[in-house]
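Structure, as structure tokens:
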Amino acid sequence: MSTLATDASERLRQIIARAEALYDDLDFKVVKEWKEQGKNRKAIGFLPIYVPREVIHAAGALPVGIMGGADRIEIVRGDSYFQSYICHFPRSVIELAVSGRLDACDGFLFPSICDVVRNLSGMFKMLFEGKWTHYLDLPQNFDNRLGGRFYKNEMRTIAREVGKLTGVEVTDKRLRDSITVFNENRTALRRLVHARRDRPWEIPTIDYYLLLRAAYLLPVEEHTAMVNEYVELSAQAGRPRMDNIRVAVRGAFCEQPPLGLLRTLERAGCYVVDDDFVLGSRFIEQDVDHHGDPWDALADGFMNRSLPTASKYDQRGTKHADFVQRVRDFKADGVIFMAPSFCDPALLDQPMLVKALENAGIPNTSFKYSEDTGQFQVIREQAGTFADALKLWGKA
Amino acid sequence: MNVCVGIDLGSTTTKAIVLDEKGRIVGRGITNSRSNYDVAAQVAKEEAFTNVRFSMLSRALDEANVLGKDLPQFEIALRRAFDLEGYLGQLDRLELHCREDLAQGRYGDLTLALSGALSTIIQRLRKDAPKLFAPGQKARSDFFRDIAGAGFIEAASELARAGGPPFDRIVGLFDRSIIPVENEQEQRTFTQRLLAACKRAAQLLNGDSLQVSKIVARVADTPLNPVRLVGTGYGRARLPFPKDQIRSEILCHGLGAHLMFPKTATVLDIGGQDTKAIQVDPIGVVTSFQMNDRCAAGCGRYLGYIADEMNLGLHELGPLAMESKHRVKINSTCTVFAGAEFRDRLSAGEAREDILAGLHRAIILRAMALLARSGGVKDEFTFTGGVAKNQAAVNALRELVKENYGEVTLNIAPDSIFTGALGAATFALRDIEAGAPSSGDQRLAAAGAIRDSHNHQHQGGCNGDHCGS
Amino acid sequence: MKGATAEKDASMQKQKEMIASHFTELARVKDTGKKVVYTFVPGNLTELINHFGMLPVLPEINALQSGMRGKSAEYISIAEKAGHSEDVCTYVKTDIGMLKAGNIGPTGEPLPKPDLLLLSYTGCFTFLKWFELLREEYDCPVIMLHVPYQGEGEITPEMRSYVADQIREVVIPQFEKVSGVKYNEERMREQMRLSVRAEDDLVWVLNSARAKPSPIDSWFGGVYYIGPMFTSFRGTQDAVDYYTMLREEVQERMDAKLGPVTPDGQAKEEKYRLVVEGPPNWTSFREFWRMFADEGAVIVASSYTKVGGLYDRGFRHNPDDPIGSMADYCMGCYTNLNFPQRTEMLERYINEFQADGFLINSVKSCNSFSAGQLLILRELEKRTGRPGGFIESDLVDPRYFSAANIKNRLESYFQMIEAKRKGAKS
């Protein structure tokens, strides 16, 4: 290996070590440190999938993604609030909250995604009286005059409420600036996503995932730099190309898969070239207009240009075609549906997407996981068999 | 003597407690729940009554002072002789049922040979019996099925080897007859049996055996009048009692725990099939409770599966877990996946004791969720049920309670298996004090119908999918 | 007793006839040319559908009836074989299974296909997926009426205008297009006047449970009482007549100090007054009811009977503002309330109806109801000091109804109330 490659590998390792440390930082120390670095700094925790982080940023606060506790925390109190047929995610969120790990957050945003997270917003109101907790009802009517107007009002409410905490008024100018900063982040993430699409062997799934997760803890500018550096160096590291199949993954947009599961997929012979992990970090893939009315621009981004996902109503009725097109654009050989157990949106969506794939002759397989799944034997075999089958027949 | 009886029909064992009119425990009995709840209740109750009479007898003999320092020795001998008499009676009935079976004509040419083998075996069992019940001899089991079964099989295999009828045909006789034997009552009265036992025990005596026999006869004849009987437990709906004599196990458990430890505020019971978290007020009335949901994850049964998987006895799990130095984090206590999870961990190179330590903690974590749902852990905290005997589980509980609720007194009674029955008996007593009619146990005696086998709760729809358990 | 049963039959009979004639009409659409709208109960726009001469079909009601008729297990299994997860809502799976089995309705005749799917999704995200799934089966337009959640515990003017505008600009024009009928606000006012009359009487009936003994069971019985109001009949003379009749019957029972009528006839002595949160189970509905009736437990108030509107907390359709009040109606349904609101409502029921305790029936299918109910339980115990019970079942999946398990818990719960009473006396 050349010196260049060795240096690059070493630096990549450092970047990922940093990203993994962030992933493991369930006490949100990085957020506390950020708050201590300036006067009256505030952090706003938000749940999956999507919130307009630009608005929080423009109000001078740090948007912090609350993505559960994975297999990293022991659930002591969280289970006492949920029956066994509710997914795992709210258990670990409650656990994080009641154990004081979320104390660094000065407020919480619960975007509409499903009934469980919706109810969780009210539970937070009851459990943490006095903390600002807001349910963000994302529009399901995608007409600019109807849903658009409603959504802009929602965003203004958030701007006002967060602004009260920080003492910053969200002017159009500030919001446009935030959009610009987030557009830079979008550009970086597009590069990352495209690099993986084109050269998945250069960016292991786990690295890719940890970089996405870092978006939810780091100030956006810092994250953009991190991603850009990683993508640049990744081409120099000289990682070997394996005889893996290319898969698209769907279903993991809210409760996140444990890292072990992502490693398992790759070891079983699957390059994940398209996915919905940490979907909110790149929900609007293309840049948002930063010249005109910034509220209009953000509303337009969400309503007309965000990615499709199970909890967003498919107004145009094109989800089948769009999905097949996406899979083809990303040159995936097949699709793995991996949804969290008891995830209503993902699991109800799945039969429709499966049908679309079958009509298009695209192979697929499915399994369920939970954020704290500790056994991967079955998944390893299933993904491995899927990969082998595709290698033997699928690529013909 | 007037007494109140509480019977707790559990899924594996049936317990009875007898209280005198002052609420003192004067007798307790336990038996396997077998396939017939009526008989199980009857047997447990009989055993408790036997218990009562033996303690009455002790007092009477002590007061009469006829035996002096030999009293304890005699008591033991008498008790063993009494058990021996019961055993011999059951052997008689076993032979009877086997002979009836032989008479059905289903054994054809083998009938004669089997009949001979049976005589030999029963004779041998009779001969060996006194040794089995000799004072100081540790019983193999409390249950006839186990004790006689072991001897029967041993003798059958010897006979078969020596050219007798095939082993499985001989043992088949036992298998066909044991259930009717278990489901029948002792033919002799208590007095008859006790006097026969007294005769045996008296042979060992130096003292005034006539005087002793008189006292024994007097005590044996003292009427024991069960004025009220209350049933509880998993199988309580199967008890032939009127509704007002049936109490939920939650209430009985709460009250029982309160009686054992009067400062109890929170009770945790982890049994084979379910886990209960109960809050009680200062007089033992339940104020809130939670049970595990439809899935049996985290119950005692889970440890059973693990023990099976490891080829260990249930009681060996705790000590092994306590040897752990690096506890493994286990997230699922799903009974369906218990074996798979365990194997997966082992193949991943984890040590058995570390996995076990993780499993114990996982079970207790499930219990902690139920406790929190029911209102938390308050001082004092009483832990009951089969899992309370497991020191690793107790340690995990102690640790988690301390982390989450601070210093709390943790009570564990050695005889916590009787908690529910004690509560039931106390309800019976309180009913009487509150003016309920004496109801006796005629209904129990009258109910002869053989009832269905265990009415296991249907854990509907569970295929061990990845749930939050 | 005989009188009570006969009187009960009168309103019961009336309701049966109304339902029967509705299904007859559905069966005759080929001849009559009437248009069919599939929609949901919470936040339903019944007056509007009737206004355009269209006929509603309610998939949730079909699913619950399939459950009561013992068909749901089969339907669910058909849906699961077709790729639906065991984890998800069994209403959806029952409906999908029924569809795949020929869409035979409760009368034995196939239900007509929809000319329109009105996805007025109130308080339940699953509705959204449900109609996306149905859309795959039918070639008809779908209207999405987005009803915002009362996340902050209130209906803001912006929320109200969002919904009203959607009704005005999306729903009504689409209805006009499909039905060929023009919207007429005057006629709508007339309909709403009828709605209000029936609503007043329903509220009276629900509030009759404040009496001791309560003349009604507000959960098991309540699901019948809300039937006409929550389904296809609000705003019709039939509904007005039904509720007048029902009110008179309840009044008579009240005057005679009689308790509710149960599956086994006149209720025994009222021993426990309970408030219930959550839907009932439909596959073992009568067996479940008996577990309460046998113990003398009467449900005096329930949240389930508010999924189709919070009339008893003051809401009325408004003839002076039909569209605005439709918007308020949609947003005001129980499952669209946030957690603090739900808890507060239950707390008020416990106090106002002098309940001995409250019970949560946590159903596996419905996360909208169930997620977080354990916090409600804890909070209500704290606020009211009255004992809370917790049981688990499902709407229409018989695999999740364990009679032994539920009975065990209920018995323990009732005995706990009893023991507490005795304890309080001594």
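To keep things simple, chains are lettered A, B and C as they appear, and every chain counts its residues starting from 1.
The rule we apply is simple: a contact is a pair of C-beta atoms (placed from the backbone, for glycine too) under 8 Å apart; a residue touches a chain by one contact, two chains touch by 3 or more.
Everything numeric here is computed off the predicted structure, so don't read it as measured data.
J.: Pick the chain whose C-alpha centre of mass, unweighted, sits closest to the average of all protein C-alpha coordinates shown.
T.: C
J.: Which chain has its C-alpha centroid at the greatest distance from the C-alpha centroid of subunit C?
T.: Relative to subunit C, the chain whose C-alpha centre sits farthest away is B.
J.: Could you let me know which interface, A-B or A-C, is made of more C-beta pairs in contact?
T.: Most contacts of the two pairs: A-C.
J.: Cα centroid separation between subunit B and subunit C, in whole Å?
T.: The mean C-alpha positions of subunit B and subunit C differ by 48 Å.
J.: For subunit A and subunit C, let me know how many angstrom lie between their CA-based centres, rounded off.
T.: Centre-to-centre distance between subunit A and subunit C: 37 Å.
J.: In whole angstrom, what separates the CA-based centres of subunit A and subunit B?
T.: 55
J.: Residues touching two or more other chains, restricted to subunit B: which are they?
T.: As it turns out, subunit B has residues touching two or more other chains at 293-294, 373, 465.
J.: Any chance you could list the residues of subunit A touching two or more other chains?
T.: If we look for residues of subunit A contacting two or more partner chains, we find 80-83, 85-86, 341-342, 368.
J.: Provide the list of subunit C residues touching at least two other chains, using ranges where the numbers run on.
T.: In subunit C, residues 87, 374, 392 touch at least two other chains, as defined above.
J.: Under the touch definition given earlier, write down the residues of subunit A that touch subunit B in their complex.
T.: Within the complex, subunit A touches subunit B at residues 71, 74-88, 91, 341-342, 368-370, 372-375, 377.
J.: Enumerate the contact residues on subunit B facing subunit A in the complex.
T.: For this pair, the touching residues of subunit B are 293-295, 297, 329-332, 337, 340-341, 344, 365-366, 368-373, 400, 403-404, 465-469.
J.: Using the touch rule from the top, collect the residues of subunit B that touch subunit C in their complex.
T.: It is residues 237, 247-251, 281, 283, 285-291, 293-294, 373, 375, 455, 457-461, 463, 465 of subunit B that touch subunit C.
J.: What residues of subunit C sit close enough to touch subunit A in their complex?
T.: Subunit C reaches subunit A through residues 82-85, 87-89, 92, 119, 121, 124-126, 128-130, 132-133, 135-136, 142, 144-146, 148-149, 151-152, 158-159, 162, 165-166, 169-170, 338-343, 362, 364, 366-368, 370-375, 379, 392.
J.: Once bound in the complex, which stretches of subunit C touch subunit B?
T.: Interface residues on the subunit C side: 86-87, 374, 377-378, 381, 387-388, 390, 392, 397-402, 404-405, 407-409, 411-412, 415-416, 419-420, 422-423, 426.
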